[in-house]
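Two complexes are shown next, each including chain A; its partner changes from chain B in the first to chain C in the second.
Presenting the complex of A and B:
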């Protein structure tokens, strides 16, 4: 029983990263009604640039790496927007889907070229620290993951719900035409959305690599898939949905792993996706059932 | 204030607006009426930049605005409401007005931080007075999507006002209103004129159009078929024909 609770707890701690990635996907979808397939790959890319630039500064501490990844994430977010969205006519729905898939593959190639395909050691935040509560224990680095993710999410929610910029972003998402007629610049809001989600992605990427202990090209694929699953389960465009769905997927993933082993784990996560698509296609917080 | 000169907009073979000339002078309330599909809404969309012109010219305060994107037209002082209400549904009433305060004067007042991050001082009084004007003061913290239909229409008008326009385009503001609400709307429109606004009113509800406008232009098949004071328009034979159909007008004329 304690093993089970332990699995759920670890999963939820790690799930906050999925929440961050899900927020990135869902925010772009909410504002532009487009999927940015390159998001998770760009996040890992940012984590790599963060690692390289921190070692170039001879500062290999995890926190410096995090800071560099954050900045790199913002820059990459801007580049992805520029190349895959701004320069490509948005009128064609599939054009940006293809351009971001292309960017996903390109980012993959770039990372695997730069790392020559080998996993890179990634600094841990709290190595070999364990917090114990009776029978239960928490890995220190997972607690850091949890803490950083919660702070980032809270900052984002404050931005979206309490600041003028955030309200303008949500206004553009809800009524793009009326927003323009109220003087909001849609292109500016779109750019900022990509930079902000890029920053979140950079942090999430660095957190994952740090929790896993290494940065490898093998991370981008699963992370893209998990991010999309979280986005769908949370409901496309819903930030609170993505947060809860990230925790849900993280928790359940670890439970599946606990009972069925790591090889079967992702199969059940996929089944969870289909269960949602069939029974709650609008996501966790959808009002009523319905596909519209 | 606003001049349309031989303005046309074609969608494929359909001439939604075809060679329209229209002038709205400072401080005037001009009505734009016509049967369904006569090009009224297209005209509003052309002025606000949602559609581009096929040919012709639109001048606002002497400046050709055809090349300007929508958000720039707003900064020049054009605002509108929509036939099908387009509020920011998940924002509160207060927030709907707050995010709309984007006039050059308002922008200049804001420093970097308050521009992006908040700081409601200075704009608060204006929002309060807009809320009072539209009778929504008690609803300021409601989500816009939770408002009743009439309240949503009032909020949309208040939001347009929050952009500090000089020219206000109202696209069927009375649609779906009962006659008491239409009376209130008329009062409100007249008050806006007292504040110095110029208004272009697109409307089906004759009760409102005849009651508030100085001048009315009538469209049919994208062309202007009549223009004059409300009294003149009511008597115009071409207008009757467009509204009642050829036979009805003939029958009426014959009796």
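Presenting the complex of A and C:
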């Protein structure tokens, strides 16, 4: 029983990483009703730029790396918007989907070339810190990730519900044409959304690499898949939903692993996704109005 | 005006004659390297390509390859083709190579490519019913146990993990008698890692009198090792044998550090004794012991490493096998007595002669000493035990 509880706790803590990525996916979907498949890859790209920039400044402490990653994330977010959305006709939903898939592969390959595919050592926030409660323990750095994702969510919610930019963002999300007729600059709001999610991605990328202990392109694929699962389970466009779904997926992943082993684990996560798509397509916090 | 035109035409004709003559004089024998140059295993391809380029340069500096008629041919390595560690792409790459004048391919990197690839080669030479490809492949990296026996056209110059781990556990048994138990950590979805634990490490540990307590499994892309480390902690083994590549090996070692799990000894996978591990987790890999078929321990090995570095690659057990392959091929080509002609019948005849010469090879000169060739076209290579020390791999023991 102890092993099971510990496995669930470990999973929930690691699920904070999925939450961070899920927030980025869901925010873009909430505003533009588009999926940005390149989000996780751009986040890892930002973490890499952060690492290289901090190394160039000869200040490779975790917090300097995070600061650089945050800035790099914003810039990459803007570039992704420019290349994959702004320059592509938004009327064609498949076009932006495919352009972001292309960007995902491009980012992957760029990181692969820059790192020669080798994993890079990444500084930890709280190296070797474990909080112990009797026989149970919690990783200090994952508690930091959890704390940061809570702060990021609070900041995002404040931004969305307490600022003019947030009002504009919500207006564009709900009625883009009406928002434009009211004088709001839709393209500017979209750009800012991508920069904000990019900044968030930079933080997420750096925290993920820090939690994993190394940066590798092996991270981009699984994070993209998990980010999408979290976004669907949390409800497309729901920031609180993404957080809860991230923790849920992380926890259940370890439960499946505990009972069925590592080789069957991902199969059950996918079944969970299908269960949500069929029985609760609006996600965790959706009102029970049905599938449409 | 007409005089000028005449002079230009004459000069042009003369240049054509000279270059045509030069081309006619310079005979070439082509080898075709391939493997991974994209994705997470890109470094393998970069290092192998650099080692092959450097070795080919050395062959040509020494006069090239002697043909049957006594003339010398320049050895040429065609462009390193990328199979992306994907079986279908590996097969497509080799089919493409077969359509060129290459006499032999050097590759692939991944065992999951090598296995199906050898499967499309003719199983037995001269079997008229078998329409498989008749093209020799000398593998440098793909290391999964016992693959070369699939086809008589497939050859490998990779170390025998069975021999190396057997020797390692034997040596540990005699030098560290206080160690009694072994626990495995295995990357379950990667062909080489999986085979290395289930077929090699586990079996060899048992054979050397260790009690194998069990194993923890994870996947190549996994990032969270908390459950696996708790399993290791619970088993409390004396020796932890990790059969995984650098990314997950480092992930596991870092999680072990966090949880304060310290087995008395950590044994790693052959492929992990590379620069990648030291880039990703130099501190955590300190003390990890790995058997390796390369270390810069003598003049030849140091020279090969230096020449490879000049081509922007690093020397490890895999890339130095690529270096050795070039010299094995050169020696086999000279014994085979190739025609060096470029018509398709001559190319196929030369490929067959080269295959036969490779099959007849009993020993080869490697960087750490003489390698024996086995009946099923594998290598029995010399090896050393290396360990992580101060952020680099250094030789701990030379068992030979």
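Everything that follows uses one rule, which is that the second predicted complex is superposed on the first by the 291 of 292 C-alpha atoms of A that agree within 3 Å, B and C clash if a C-alpha of one lies under 4 Å from a C-alpha of the other, contacts with A are read in each partner's own complex, and residues count from 1 in each chain.
Just so we're on the same page, contacts are C-beta pairs under 8 Å (C-beta built on N, C-alpha and C of every residue); 3 or more make two chains touch, one makes a residue touch a chain.
What you see is a predicted model, and the numbers here were worked out from it, not measured in a lab.
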Broader residue contact with chain A after superposition on the shared chain, chain B or chain C: C
Which of chain B and chain C A:68 touches, first, second, both or neither: neither
Chain B versus chain C as contact partner of A:170, first or second or both or neither: first
First, second, both or neither for A:180, with chain B first and chain C second: first
Touched partner set for A:162, first chain B, second chain C, both or neither: first
Which superposed partner A:46 touches (first chain B, second chain C, both, neither): neither
Contacts of A:35 with chain B and chain C, given as first, second, both or neither: neither
Overlapping contact positions on chain A, where the chain C interface meets the chain B interface: none
Chain A residues touching chain C - in the complex, by the definition given at the top: 3, 6-7, 10-11, 14, 17, 108-109, 112-113, 116-121, 127-128, 130, 137, 139, 208, 211-214, 216-219, 221-222, 254, 257-258, 261-263, 266
Residue ranges of chain B touching chain A (in the complex, touch as defined): 48, 50, 69-71, 74-75, 79-80, 82, 86-91, 95, 98-100, 102-103, 114-118, 159, 162-163
Residue numbers on chain C that touch chain A, as the complex places them: 38-44, 46, 188-189, 217-224, 226-227, 230, 246-247, 250-251, 254-255, 257-260, 275-276, 279-282
Complex contact set, residues of chain A against chain B: 162-165, 167-168, 170-171, 174-175, 177-186
